[in-house]
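For reference, chains read A, B, C and D in written order, and residue numbers begin at 1 within each chain.
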Amino acid sequence: MALKVGVIGTGAIGQEHIRRLHTKLNGSTVVALNDINLEGAQKVADTYGGITVHKTYQDVIDDPSVDALVITSWGPAHEEQVLAAIKAGKPVFVEKPMATTAEGAKRIVDAEIAFGKKLVQVGFMRRYDAGYKLLKDVIDAGKIGDPLVLHCAHRNPTVPEAYVTYMAINDTAIHEIDVLHWLIDDEWTSAQVIMPKATRNTHAKLKDPQILILTSQKGIRVVLEIFVNCQYGYDIQCEVVGETGIAKLPEPMSIQMRSEEKLSNTILNDWKVRFIESYDVELQDWIDSTVKGEVNGPTAWDGYLASVTSDACVKAQETGAIEPIVTPTRPAFYN
Amino acid sequence: MALKVGVIGTGAIGQEHIRRLHTKLNGSTVVALNDINLEGAQKVADTYGGITVHKTYQDVIDDPSVDALVITSWGPAHEEQVLAAIKAGKPVFVEKPMATTAEGAKRIVDAEIAFGKKLVQVGFMRRYDAGYKLLKDVIDAGKIGDPLVLHCAHRNPTVPEAYVTYMAINDTAIHEIDVLHWLIDDEWTSAQVIMPKATRNTHAKLKDPQILILTSQKGIRVVLEIFVNCQYGYDIQCEVVGETGIAKLPEPMSIQMRSEEKLSNTILNDWKVRFIESYDVELQDWIDSTVKGEVNGPTAWDGYLASVTSDACVKAQETGAIEPIVTPTRPAFYN
Amino acid sequence: MALKVGVIGTGAIGQEHIRRLHTKLNGSTVVALNDINLEGAQKVADTYGGITVHKTYQDVIDDPSVDALVITSWGPAHEEQVLAAIKAGKPVFVEKPMATTAEGAKRIVDAEIAFGKKLVQVGFMRRYDAGYKLLKDVIDAGKIGDPLVLHCAHRNPTVPEAYVTYMAINDTAIHEIDVLHWLIDDEWTSAQVIMPKATRNTHAKLKDPQILILTSQKGIRVVLEIFVNCQYGYDIQCEVVGETGIAKLPEPMSIQMRSEEKLSNTILNDWKVRFIESYDVELQDWIDSTVKGEVNGPTAWDGYLASVTSDACVKAQETGAIEPIVTPTRPAFYN
Amino acid sequence: MALKVGVIGTGAIGQEHIRRLHTKLNGSTVVALNDINLEGAQKVADTYGGITVHKTYQDVIDDPSVDALVITSWGPAHEEQVLAAIKAGKPVFVEKPMATTAEGAKRIVDAEIAFGKKLVQVGFMRRYDAGYKLLKDVIDAGKIGDPLVLHCAHRNPTVPEAYVTYMAINDTAIHEIDVLHWLIDDEWTSAQVIMPKATRNTHAKLKDPQILILTSQKGIRVVLEIFVNCQYGYDIQCEVVGETGIAKLPEPMSIQMRSEEKLSNTILNDWKVRFIESYDVELQDWIDSTVKGEVNGPTAWDGYLASVTSDACVKAQETGAIEPIVTPTRPAFYN
């Protein structure tokens, strides 16, 4: 009765998802695996027992005992694996990015429409965060009137040397690009990136902090500070200014302390902890929706929009100008 | 492979637990039911299919397909049902109260020791609340030194007419009696109850608010305000004053709003919502521990301590004096 | 036109008040001084110029150029100096304690009534704190209904070795004894002191922390934690539980910081800073009221009540019992 | 010994300042007045007694008993009155705006430099707000490293019909234009204004909200949301993001309430209340500095910078482009 899942890619995030699907969540088991590192895949399978390791990802897709796929391979492989899953008519959960280019993302959208049924969910897990859900409830209930301006921040304590300027969009702001358009139920039309004075804690190839300004079809403006060497912690802020009031994303739960002349709460320093519960909620929702033949999370269309938007934002980083974000009209298929 | 559970009592809380065990949590299914209202039990069974309805609770216990019991019948039936489960050597989760008298609770402790293996877990779910767990982590890590004083409050917006003075202990403070002794890893030695000016929102048979003062073996004092007609909401406060600092139970997560000349967060008004997630965590832990043959939650001994303590507190309500709480030495069996 | 003030006692607090009266506040000048250390007094006078130093406190009182007195000598001298001021018919502001015994305080009350006009104001400055005033406004406006329970704390980071158990009442709780009776407009009828587990940061002659429970005529209960070696800072807490809501004394204004994995506000460590602005407001009010021939701050009666109450509290420290606080009926003179 | 002040302009703000200077603050008296409404001026003078009413503002300036001037006439008169005071060599406190054009402001700067001594202070009172001062202390102490980005908001509940788009700069953002350059000790180099979706609570001639982005010489960016029909209250926000942490302007002190299912603090609805204490501190500082022959508050140069900056911001409102803010090099005279 449980959903039988095949997982492609058994690296860190893959192993986490296998643990969730096989032992923690309700209604799913993992039955097949593949990874380009077959030995690694075998080790993971051996941890649990009863899981088949296939030689190729296509074998996982074709395995008749597999009801649905989870793709956690490296990014450049996602597009062809998702396309193969669609071809096989099997539901597929794919981690970010769905594809590495907007063109690739468009090919997935086209294939899914051609197949005639939504099969793809993209791993934008923030929509499943309890705080963002409460925030959306407040907005949708009209408690602040129409949203007008969003003040947001995405801050990391530090990043590795290999993290360079464009990654502030592709690796970091990408989360806001998706979750905020879901939050306000709107699509982006232009982007501007402002480069303030740089922190001394960055390096030559990374402008840090950056301010990304997004405009939506309704004219809503997002002001997103991206600051990945902020030193003090991992901190996600989102404040929605509406016509009659303001609603703010909750801080993660922590103990209020009085000690050492401070009244303080802990700020996390690790992004993995911040949204850890969202992954569980996300995959449980995927299991439940898949069993019902539905996709209720971020779709291939959302993945495509995220690609187009981040391309425009990277261009805006380079030009300093306000860059348009041009997307085709939303196909009825995705309404 | 899943734990096969028999549930005795299919009222409101029983139905909630059946839903959890059968459809939400991982590693359990409900296989058998009983209720004194057999028709009601049958309706619940029919909702899911594949669950046997037995004529008596003893039949559920004796059903060879049942691995473990969940008792959610009405309070006065708990003692004999738990004793029957112990007699059958089956693990049993029993909702509060484990027994309606301290003597009854003692009989369960004695039976369990005689059986030679811990089988009983009592449904004190607050220990599974994320906030209390964080608070215990802070204390156990020594971040505030030794605890000295706990300032606590247990407030309900209103209570029904039938709620009278002693219920402030047996129905309300009972939660703090258990969770706080777990929090500070200590046992209660005396109780005093102070009756402040009564709110005009109470009635003749209910003194409200009350202040319960508990002393522990280490000399720690708990000052617990019990106020069940506080009007403004359901509000659980706990602040632990230690030698070097103070740690405070988090407020439930909510959206900070700026509207109508107020900077505000919502306070819940329904106790069922406040600890809703704790029930899931509690039963998942019970499933996982039971499968391993362990009891990791509140034991029969904790249930017995809670009984003895609340008896002393009710006496303290009546006398106005500081009443001793006398318990036998903790048997090694429960260490 | 300015109020001409004579100051008796030119120690630390005396010098502070001289500076306020002479250079900071509006409508007063200091014209005469005395101290048992005449040299010290002369030095203070020389700082400003134009201030006469008298050989005795009586000379200051008798100086025809002196309109009103401020007494900041050491405590044991207060009673006779205040009595002498009353005899001379001159308004007098006296720092805490008004007298060192309840009998002495009663003599001042009697002398003032005999004189027939209120002349004495006692230096309970907390009533002039902006936070307490806001709190009183909320209560008086009926926003929480009738007060029922007050949860309070008075915490110091450390105290000197010479600070022993009874000083927790006479030097520390004395502030709450006055300000809280003003806050709820009620008088104390009994006191109980509970001694929790002691912190390892105290010494043999000081029980620390202590919990003082006061009952008022209306039945309101104050639960005051006194903790003078709390290590983490100087912290004054006051939360008033009323029939329909709860109002809390504001934290002192400070900058909210995000740094080093903490979201924090500073807690003061110095009591002198906490109420520094109250002293200005207090003395300005005293100047303005004195010019109008009124006493609008804490009266000799308040000073007397504080004495009687602290005597009962010290007795309660020793007996562990609930001790009555017996005061004569408030004379109409003080309504 | 008190500073003898002549006040020009006895409207609402003039009367407030007269009350402060004459009865509340220390070290000043008002000796002469003028207003274009002579009758009104006489009424104000009569309230106090002993104040001369002159027929012209020049007579006030020339009155040999006047040590210093306070100008609270209507804005268009400020420039010539300030110039006349400089010509007479008398210190002058002038309310905002110092002049209605940048050219006029420049004439004042030039006159003051020509005179050879600083005489002019401009009424930017926010620098005297306790919260901004604490914030500046934190920054100057290096507790957040170098400032990089400032997130600010200036929100009014509503504005009158006569308030139109450019006033968002000249009447509203003008306060941030001054106080923020003081806060970060830097000067503005460019401005951009973004017009988000408008609230339905505005009218045709007012774009509301607006986002003003200022760049400083050091590259610091200010993102200022101006929202003058925000409905919910008068709310001033300022968060300074530095290299190692973030510091936030405190909320005004208020009582934390638990009532009606909300944990809430009051938000002010009246701008006059928000900075009421700053006016006292500002004028007391002006009195004390003037007596010492100094100007320690905002200078004519600050007034000039504010003029140049707001002109550029209004241009940026119209063009939508990033507009340069060109000021001459700061004269050594103003260092």
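Note that in this section a contact is a pair of C-beta atoms (placed from the backbone, for glycine too) under 8 Å apart; a residue touches a chain by one contact, two chains touch by 3 or more.
Note that this is a predicted model, so its numbers are computed, not measured.
Undergrad: Which chains sit in contact with both members of the pair chain C and chain D?
TA: In this structure, the chains that contact chain D and also chain C are A, B.
Undergrad: Quick check: more C-beta contact pairs in B-D or B-C?
TA: Comparing B-D with B-C, the pair joined by more C-beta contacts is B-C.
Undergrad: What whole-Å value do you get for the distance between chain B and chain C if each is reduced to the mean of its CA atoms?
TA: Chain B and chain C have C-alpha centres separated by 45 Å.
Undergrad: Taking each chain's centre as its mean C-alpha position, how far apart are chain B and chain D in Å?
TA: Spacing between the chain centres: roughly 59 Å.
Undergrad: If I count partner chains per residue in chain C, which residues reach a count of at least 2?
TA: If we look for residues of chain C contacting two or more partner chains, we find 231-232, 244-246, 258-260.
Undergrad: Touching chain A in the complex: which residues of chain D?
TA: Touching chain A: residues 145-146, 148-149, 151, 194, 196-201, 209, 211, 213, 218-221, 223, 225, 227, 230-232, 241, 243-246 of chain D.
Undergrad: Can you list the residues on chain A that touch chain C in the complex?
TA: It is residues 231-233, 235, 251, 258-269 of chain A that touch chain C.
Undergrad: Which stretch or stretches of chain A touch chain B in the complex?
TA: 23-26, 130-131, 134-135, 138, 143-144, 244-250, 253-260
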